[in-house]
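Each chain carries a letter (A, B and C) given by its place in the written order, and its residues are counted from 1.
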């Protein structure tokens, strides 16, 4: 059938670009991950060391710690963004004075570069200079020091991430809500369904694909977070905010540990893919295929 | 005085200087030597710093006007700079003709033969040897960019001491002096021992509290997630307690732990750590989030009575009214020392602090070596130094100290240049380790845990010594 | 849905907006403070703004060229990704291709890679493999446009897929019955109906490209440097120049605001479209 050939033609540019800039670098990284390679070792060349790096990673306390704080961060940040983003998107579906302005304001954080976000939050939270600890202390007598308190630093990063990325969730959910057909809702109201029922049985299933797609994006971006944390805490205090992105960065940039750094990256990528795949097959794929069948 | 204004002024001064140089006939030499390379563009990468900005804004345009060789300088952050240089040289791409080399990376580059031997290169290409350039003009700081044979691999362009800064206005205030004397029975003067330093620090922190001032007794570069804190300890605190070269013994199979013959977790190292932590605890509250830049800012904002501050900051703190609140109120001194350290440093067996700085080297992969060699000599001439030293406080040439402009600026800086000139030999650059960043990165996360209190100094230093040895073994340095 | 009091609504939104705007306001505050005041006790209101940073940034020729690079790279990349993503989604949604769900999932894995380690192979490829004679892909705008596809193309495909899927196939079929060919169906039926989704995709891919730092910092040197890399020049050895950084940041917000303003209209257009479809 000719439409099949056309389909591949449509996909070709995408697949080509991703092949040259995604697949080839990936193959290279996988190759390096089986080597001991640090250009400033006594032997600066790549030395094949089989699965040694992979064996080592299982017992690498620094890596496991980093994995732990990252997962914690992702769960807190992404869940909050999803709930807040949905509530705000719903709120934007109503009419109220100044709606267009408020919506524009709400999306503003999105257009700020992570590196800038990190800088601003650093300036707002640096002890005794930043405005947040200053007023927390003056008004509530609370001492906040992101240099000494792991909780303060972690919380600040989670709040910063929520501030920065909730608008993304709101925006994509608005787009999804806008394109919902009104008929099922009218029908449900006629049938006397309550708000929670409408949410669970009509709204949620209908916007689930967009919602999960958004969660995916946030999930994988949060897992790779580097710039903001780098600016704000550098991974400290101690290793409290040394997320995987930062950990890998430190391993391959200053430490030039290309071999082991590649191994960590491959593992992180693998874990991310598995987590997303599970989410995908359990949540999204059945809906998509069911819809295709219905069509 | 406003440093950016000075920069403009010195650009003018430089034009005058070159005019006089051309009267000597040297301009003709530059033109002739550069003639084959006219139209070439050479490219460098550097950390963003006032001396490198001066190169970009003043020296590079000047050089281009004289020779027709264009100089592009990419300035970037510290982390990026090394990574970009390393990738380029490792792959032999030839993107850069000049790379900024700092103490912490030079020995790694030398070990890999990343850099061109400038002494040899100029020796082999006599037609490129500028009459106004001579390696003998450099201060001893240039020795940190030489190999075992004494050949030079980088033209020094930044050199600073990490010095002990104190607030002259506070130290000379008669009421404060009286109060200090009453409390301690001692005259208030810059500390020479750690005990004195602590006493002064406690006094001023209490004084700030009692008078409701934003004032503390000491700075502390004690960031809990940035290597700045690691450096403060190993460059500026541990040596003053007699722990040199990070406590790693290069002559003893790179041993780090006491058990194997190192000193990383020895009693002096622990004492140094405990002392430093006790100072951190009475430093301004931003200290656990302070890198070298914030320490300078803290001091410049008048929030600390004394502290160890990098020399590149001493300049603007003491003289730039657009950034500093303590202009004219700053004194410099040698850091406080434990018994015997000064004698060891005098004898050449140790050092009392960090002689910091950088140079421009030429990657082996450069495709414009001749033109680059000309530019490196151009910035290495005695003639361009004085204005540079005023615009961005750094001295790399012995003759620079005696220039009237520099002598005058020295007054403004509270005698900082005198200190470099007379006492510079007591300070040392980074240890000659090709594994500098690797061992630093392996031990720093444990170090941060000592700072946060998750590990005691003893446990933390034990773990650091073990981590250092493990890394050195992995890299093949420790057998 | 029941109507709540508009007053409460407006108060609610004012509060949310305050929280949203505060860090941006603070950025502005920092940009109009002279360095010497930055580290005194923070004041909420600026009484005596200092415009020196703005004059300095505006007068910087280098920064203007970075700005131009940023505009070209992010616009080029956003348009490319949105168009390619749309066609890919159309193929995945409408055509019965074998393994299409696997391909769909695979595209997104390209966005999952932790960037730091992939910089090395990208650097090697762009200096040694993707070259024509002396010319190499490193430090070129086109190079950055293509590199940014690794994270933006998957994003475009993932945000557009639900949109394309949601367009009822009956509309395609009706058009075919009327004698349209595939191209016509795409350009005249599906594409216009996807406008809100395309607008959102365009905005967001643009923003991701505009804000990217790490790849640009490593893969550009002189010719294709972007504004975010320009920021790192002000993290100097003698103190981060927060005032200048904040000023540049304010400048980076302006083009982003313009793009947002332009494209948001289409999302609003999507609102009316939703009503018509019903």
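Assorted remarks:
Note that in this section a contact is a pair of C-beta atoms (placed from the backbone, for glycine too) under 8 Å apart; a residue touches a chain by one contact, two chains touch by 3 or more.
Just so it is clear, the model here is predicted, and its values are computed rather than measured.
Between subunit A and subunit B, the least number of touching-chain steps is 1.
Summarising the inter-chain layout, the chain whose CA centre lies farthest from the centre of subunit A is B. Taking each chain's centre as the average of its CA atoms, subunit B and subunit C sit 39 Å apart.
Between subunit A and subunit C, the centres computed from C-alpha atoms are 15 Å apart.
Looking at subunit C, residues 38-39, 41, 119-120, 124, 232 sit in touch with two or more other chains. Touching of two or more other chains is recorded for residues 83, 214, 294 of subunit B.
Taken residue by residue, subunit A touches two or more other chains at 129, 251, 253, whereas all remaining positions touch fewer.
Considering their complex, residues 43, 45, 47-50, 53, 72, 74-78, 80, 83-84, 87, 91, 93, 95, 214, 292-294, 296-298, 300-301, 303, 310, 312-313, 315-316, 321-325 of subunit B touch subunit C.
Of all residues in subunit C, those touching subunit A in their complex are 1, 3-4, 6, 9-10, 12-13, 16-17, 19-21, 23-24, 26-27, 30, 38-39, 41-42, 44, 84-85, 87-88, 90-92, 94-97, 101, 103, 105, 107-122, 124-125, 130, 146-147, 149-150, 153-155, 157-159, 161-163, 165-166, 168-169, 182, 196-197, 200, 203-204, 207, 210-214, 228, 231-232, 242, 245-246, 249, 252-253, 256-257, 260-261, 264, 267-268, 270-271, 273-274, 277-278. Here subunit A touches subunit C in the complex through residues 1, 3-4, 6-8, 10-11, 13-15, 17-18, 20-22, 24-26, 28-29, 32, 88, 91, 93-94, 96-98, 100, 102-117, 119-121, 123-124, 129-131, 134, 163, 167-168, 171-172, 174-176, 178-183, 209-210, 213-214, 216-217, 220-221, 223-224, 226-227, 244-245, 248-249, 251-253, 258, 261-262, 264-265, 268-269, 272-273, 276-277, 280, 285, 288-289, 291, 295, going by the rule given at the top. Per the touch definition, subunit C reaches subunit B in the complex via residues 34-36, 38-41, 119-120, 123-124, 127-128, 138-139, 217-218, 221-222, 225, 229, 232-240. For subunit B in complex with subunit A, the touching residues are 79, 82-83, 86, 90, 108, 111-112, 214, 222-227, 284-290, 294, 434-435, 437-438, 440-442, 445, 448-449, 451-452, 454, 474-477.
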